[in-house]
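Listed after this line are the structures, all set down as structure tokens.
There are two complexes below, and they share chain A, which is joined by chain B in the first and by chain C in the second.
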Partner chain A sequence: MLHALIRRLLISIPVLFAVSILTFLLTALTPGNPAYTILGYQATPESVAALDKSLGLNKPILVQYWDWLTKAVHGNLGSSLFTNQSVTSLLWSSIPITVTLIAGAVLVATVVGVPLGVVSARRARSNGQVVDAVSLVGFAVPPFFLGLLFALVFANELNILPASGWIPPHQSVTGWLRSIVMPILTLGVPGAAIVARQTRQGMIETLSKDYVRSLRGRGLSEVSVVYKHGLRNSLGNVLTLLGLYVVGLLLGTTLVETVFAIQGLGSLAVQATGQHDLPVLEGVAVIFTIIVIIVFAIVDVLRASLNPKLRTR
Partner chain B sequence: MATRAAAPTEARRRRSHLSPVAWIAVVVLVVLLVAAIFAPLLSPYSPNANDLEATYGHISAAHWLGTDDLGRDLLSRIMYGGRGSLLGVAEALAVYLVLGLTFGVLAGYLGGVLEAVVVWVADVSFALPQIIVVLSVLAIFANNSGAAMLALGILGAPGLAVFARGATRTVREELYISAARVSGLRTVPILVRHIMPQITGSVIVQVSLFSGTALLFQTGMDFLGLGTQPPTPTWGGMVAEASTFMGRDIWMVMPSGIVIVLAIVAFGLVGDAAQDVLSAAKGQGPTRTPASRIATTSQATEVVDRDETLAEVSDTARLEASREPRTPLAHVRGAEANGVRDARSDVPRGDGVLLSVRNLTVAVESSGASIVQNVSFDLRPGQCLGIVGESGCGKTMTALSLIGLLPDGVSATGGSLTFRGEDLRAMDEKQYRRVRGSGIAMISQEPISSLDPSFTVMDQIAEVVRRHSDMSRQSARAEAMTLLEQVRIPNADTVAKRYPHQLSGGMAQRVSIAAALAGNPAVLIADEPTTALDVTVQAEILQLLRSLRETGLAMILVSHDWGVIADSCDAAVVMYAGQVVEEAAIANVFEHYRHPYSYGLMESNPQFATAPRTPLPAVPGTVPPVGEWPVGCHFAARCQFASSECSAAPIALDQVERDHWARCIHTDQVANSAKVGVA
Partner chain C sequence: MFDLAYAPLISLNADGTLGPGLATSWNYTDQTLTGFELHLRPDAKFSDGTAVTAQSVVNSLQHEREANGPVAIYVNEIPSATAVDASTVLLHLKRADPQIGLLLTQRFLIGEMVGPTGLANPTKLGTTTDGAGPYMLDPSSTVANDHYTYVPNPHYWDQSAIHFKTFTVKVIANPQTALNALKQGQIAYTGGSFATVDTAKSQGLTVNSTLSSWYGVFLWDRTGALVPALKNIQVRQALEYALDRPGLTKALFGSYGVPNDQISIAGYEKDGYDPAYESHYTYDVAKAKSLLAAAGYPNGFSMTLGGTLAYGNGVVMAQAVADQWAKIGVKAKIQAYPTIPDMLTPWLGKKLPGIAGFYDAQPMFIEYGQALDPKAGTFNPFETSDPQLTAAAAAAYSDTDATTLPAAWRAVTDRAMDLAWYDPIATGATIDYSAKDLQGVALSPTSFVPDPTRFHY
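Moving on, here comes the complex of A and B:
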């Protein structure tokens, strides 16, 4: 367990560095001066120089990176070039929304995908191709298109869910629930498809193992063979998949938040990209990376708790 | 020469295996590509030609896919839009392939520091959110989706490198590569000529997955308005435009959205097909989850040795299942199908017989080919019966059918199995489960892989104890401990807490035996229980099995080793190519064997070598594969006594003396020669 966590940490630190250096370098390599982004292209060279100085842009690049890094470690990620709001406060208001969407999607993917996978594995001979086909299509429908289709059905046609927007839970719990149903389904349904496929594969593989025959040979009930022994030995790869799925969800939320006009990290990043607002984008990059690191750490711990080979030496 | 010839043959075989669905996917991709490249020639309209008379059009003769809010032809826009979208994928792919293959193949071939670095970079890249890098690139190079896709290619490359490295390492180990190296071929020619073609399959799998992702990114960025700007059509941009008019018309979003789905599905199917062909080439069942392939990159895949016989049979079954339409079971040749009625099968079940097998026939469901034909024997309480023969003779299948656990695609098609007076073949799964473990139990050849890797020894044994009794958790654990002591495990309380991978082979076999005994069975089937073990451990396990018989446990011992059978059994059944060829009390089989196969087996056993310092005789030839068994004597082709009558018609299992049966028409000759041989 500890071993797995340490290993993960050893990978995570370089990842954080890589992301911070990468985004920072990109900023430094930006053609044109960010001061112009702020002041407009009619700005006088004097005012640009002054702003450069106040932003620290006249210093050598390594010093700039160090400055940014020390501030970042203290929770100061600078302020938006556009609205001048502090990046940290922008992030704080968006994080809960995006994390809710990701958590909801993972929940849907797991709760729907795993049982579907198990059931289809047990009837593998008859329905294999159907499951494969459905899950391939689930994987292939881009979130922005799926979101629009959901909106079409539930908002335009049936008119039972709001087409867009986010209602905070402290304002109205039912309103909040109604507002997150479609975004979460848009993200979670394809997830359920790929989780089902992985679970099915894993179960078929596990159930064909020698020890499963031995377990049956000892007279254990089918419930125990399939759910206790079979599922437990199949979940490791499902967990790894879920980790990779969350990385993919970062693109997904970006698209889905835009489709449903929700102010989360993803839509924040999209606006920042469109406006060349690099401090905000760097902030989102850091948070996205931290999310991935946390998720991978959770996956590692869960995998280790399932698999004694990862735990014991 | 041979190596050069092998590669193209392999490639041809792969191509011929593509399924129709995969072909459709390839055709779809080609059509999309051609439509995009030749859009200026093929498209019915200019992509930006307005026709305000025909806005929001649906499918019509003039506009096959309808029109948008400005009356622009959607088909034409999709064709033109494909140029940007597919070009982006191509750019990302180019970078992905060049970087990934170069570093991957070199890392796999050269190993060392480069390999370590590639693996580490890949580990880091898996945890790197690609979206954020792509967005950063777009923030700096506004609307330059080319730059964004190049970045995506760079980010994806380490993933491909890890795969290419793995595949290269496997190929590198192969004999002909070493041969090429030894014969002085330099690195680059070896890589280009020998390794690249071999890893193509796994690379196609990765490429198709990556293409899907790249297209998702490309269309996603266009949808977000961060890529190519309107009015230039892009697939993602068209979805975005249509989405603003969804309140008015829902058709407009469909063509572009569906084209994206179609393209990604096609990429996915090509990947699946490549994966299937690969698994088929490796002789494995199809495993085709995109994610499972990704998942296996970071952790080593577990290799579990399977019972060879079983693997062969189930592979045959699977192969045949995929090739031929299923024939109904009625076609399967029944108990008398080999055209002769064995006198043996008419012997009535004696008094006090525990387990009685009559005319058991086991067959591959798809082809109807039998694996086991007309096997009959009886087992009394406390008796030990040996089943002996080479692998591929149906010993394991016979054993598995007793416990009702034949592999998929194989089933018992004839005969009767009677246990304690009950007909096992008539039982449904639920009833059979009551027999397994508490009536008949089994231990197998690979002790470690017969234990669930995720549970401790204690958990696994206690679960079986509880299943077959109404003990509390606590007393079940106490009982499990007693069992561990009964199978003579030293430090039982420490071993109880261990996981299977922490056990030695001998220890694992003892644990397996304890688990098999946990339901207090009357019959223990031991399938090659010592084959996978060291010689010293073999003796200990056999000793343990013998001692268990003192408790009245009856045993069926399956082995290819006469020595094992001779040491432990009261009677033996010799099997060859699915049939019982000889059956007798153990002393009779040894001293008065009447079947040439029994003779051959014994002669080739080092323990019974007739004279020191003479070469060990081996039975020439091999067991014919299932489905190719001759009509007459199955052994005739390898038999030194064979005559023309042997192959003419099926040979019956006949009584040669009391309780001694042999399936041979030359039993006298065999008996005489044996005397000569022994003397």
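Moving on, here comes the complex of A and C:
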């Protein structure tokens, strides 16, 4: 298992390079000039040319990439072209926010989705159809729409949750909790629907296997059969799904953070894209990639802990 | 946001008049209108306690020129400045400039002075402030791109004008989120738009608005490089006559616009707007068709019109214009762009014959340099020139007689309208929303961005 993890981490190094090159090239190929965004569209061509030169944007794209890379490997991700803030400090202030939202969404998806899936797998067919229908709706509703709907109900009409913003926990724990409820629910509700569906399918499949019949025949309690043996063997696929769900959440945060005016990695990415702020975009892309690598490493470890056969691979 | 921390040399009042700022009085030194003297208040200090002196003003203007930033186009009107004494600054103007006072207000930024500490280390000004305004940025309570917290400047000359212990500027990208936050009381003020104004009204928010900008089509390809027909003045005038401005205005702006075919707006009568030229291009499809036929295009022609929702709802406006041009046989294909920077690339690369957008009204003295001069840059990508227009502008720029000057600038507007380089449709409003109990939010055509330093409950 340890070897597998090390191998995965080693593979992640060229992945990081590939992501950084792709981000650089895609941004360079996208129309638009950050100098115009900084100076305003009424800027003179001379002002734009001068700013291009001072920012190094007049150099060939590969030279720009090499300049960035040589600094990045030494831990210097550069500065925002717009705020002049170091990219590292921007990332450090945004990472805890996005990670909190993702962790919260995964928690909601798991705590709600898994029991719902188990219950529906054990009960009548109609329950399964309800779960299927709810899953379909949860999967189909776009996060930004769900977010706006939550804001309309809980902030605008009922006035019980703040419409926007992030309150750091060190400022007010209650305020922090109130500020993350809607963003987490917006991200977590569709996840819960997907997890419930996957859990239900896995449980139905597992509970129909011969060894489960044998366990029941040996007189094991239904709770033990379902939760100790059935659920344990069904969770492998759920974990893989959760890994993919987290990858999807990275995209989801770009929308949800914008809807709730929260300055996490997602909205940082949106702003940087609109402004062609290459250093910030590179920083966010690298962090997103690292998060994906870490999440799949965790999924591997958890899957191995549930399934002894995987530990020897 | 700059206004909170950086006091201007001259303050622009909500009604468009000029009032004291860092300077308590000002005057031209002679009849040529090329020397402008400012007399600074003695008690003004930057937020680090350093006194605002004539030399610090000279240094700040010098920095703006050298930085070649967004305000370069304005500050270049002042090639140099000298400190006459500790509290008197003499600005040496590039040419006779009847509007230099307006240029030195908060609207154009160049009058907002930066202190010596900031000038010594300009890169730090991205995360700190060094102005003489009523507030200063508190970096420890600020998260870039999320919120900016300002606290009172203890050295501000009028402490009674500071109304808030903290003033937070919250970044909210989604307009609906901003409306929700305003309704809930999380924020007290936000900018608005034609798209959200009805929702804001229905939610009981205070809607502030003033007519401020002209909206329409900007025909760039007056040389006919991309669309040969556009080189012909009759063709361009035909496009003007083909627009039903009252109908378009009602559809696009509702009650927040009035029809307008000038590249200036009412309220700027001394600065280029010509009441005698109102409704110059009255809707007349038959006349438009006959002009096209006379120009050799009886069956019309095809062209591309760029637009982005981010720039004056340009895509929608372009489509509405295209529908009307279709009636005279002109087929306009709409090219939509997600953002302004995305559209700028083909625009400046001379790949777009025209776009739909808007222009914030400015005195023609400034607008000519930005939008009509052959070297205007962004707003004249094909570097089009017209001898009559150039001569009219030269005459206006050299006119030092305040009684004849308005007519001189109107002549520039009139010639530009005859050329039909631009097809204005309407004067549209700047819209914003505020909490019911927030005072000091006042707008006018000249001062259409409220001064946040005047906000109070």
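Assume the second predicted complex is superposed on the first by the 262 of 313 C-alpha atoms of A that agree within 3 Å, B and C clash if a C-alpha of one lies under 4 Å from a C-alpha of the other, contacts with A are read in each partner's own complex, and residues count from 1 in each chain.
By our rule, a contact is a pair of C-beta atoms (placed from the backbone, for glycine too) under 8 Å apart; a residue touches a chain by one contact, two chains touch by 3 or more.
It should be emphasised that the depicted structure is a prediction, and the values quoted were computed from it without experimental measurement.
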> If you stack the two complexes on chain A, which partner ends up touching A:Gly165: first (chain B), second (chain C), both, or neither?
Replying inline: second
> Is A:Asp132 in contact with chain B, with chain C, with both, or with neither (first, second, both, neither)?
Replying inline: first
>> Quick check on the superposed pair: does A:Gln198 touch chain B, chain C, both, or neither? Answer first, second, both or neither.
In response: first
> Touching A:Thr110 in the superposition: chain B (first), chain C (second), both, neither?
Replying inline: neither
>> Looking at A:Leu220, would you say it contacts chain B, chain C, both, or neither? Reply first, second, both or neither.
In response: first
>> According to the stated criteria, A:Gly274 is in contact with first (chain B), second (chain C), both, or neither; which is it?
In response: both
> Does chain B (first) or chain C (second) touch A:Leu90, or do both, or does neither?
Replying inline: second
> So, does A:Ala18 touch the first partner chain B, the second partner chain C, both, or neither?
Replying inline: first
>> If you tally the residues of chain A touched by each partner, is the higher count for chain B or for chain C?
In response: B
>> So in the superposed three-chain picture, is A:Val284 touching just chain B, just chain C, both, or none of them (first/second/both/neither)?
In response: first
> Taking the contacts chain A makes with chain B in one complex and with chain C in the other, which residues are shared?
Replying inline: 30-31, 148, 151-152, 156, 258-259, 270, 274, 276
> What residues on chain A touch chain B, complex-wise?
Replying inline: 11-12, 14-15, 18-19, 22-23, 26-27, 29-31, 125, 132, 136-137, 139-145, 148-149, 151-152, 156, 194, 197-198, 200-202, 204-205, 208-211, 213-222, 224, 229, 232-233, 237, 240-241, 244-245, 247, 250-251, 254-255, 258-259, 269-270, 272-274, 276-278, 281, 284-285, 288-289, 291-293, 296, 306-309, 312
> What part of chain C is in contact with chain A in the complex they form?
Replying inline: 68-70, 72-73, 123, 126-127, 143-147, 170-174, 176-178, 180-181, 183-184, 186, 203, 337, 339-342, 344-346, 348, 370, 377-379
> Which part of chain A faces chain C closely enough to touch in the complex?
Replying inline: 30-34, 36-47, 50-51, 80, 83-85, 90, 93, 148, 151-152, 155-156, 159, 162-166, 258-263, 267-268, 270-271, 274-276
> Where on chain B does chain A make contact in their complex?
Replying inline: 123-124, 126-133, 135-140, 142, 212, 216-217, 219-220, 223-226, 236, 239-240, 243, 246-247, 250, 253, 257, 260-261, 264-265, 268-269, 272, 285, 287-292, 294-296, 298-299, 304, 306-307, 400, 403, 405, 408, 429, 433-438, 441-444, 446, 449-456, 463-464, 467-468, 499, 501-502, 512, 515-516, 518-519
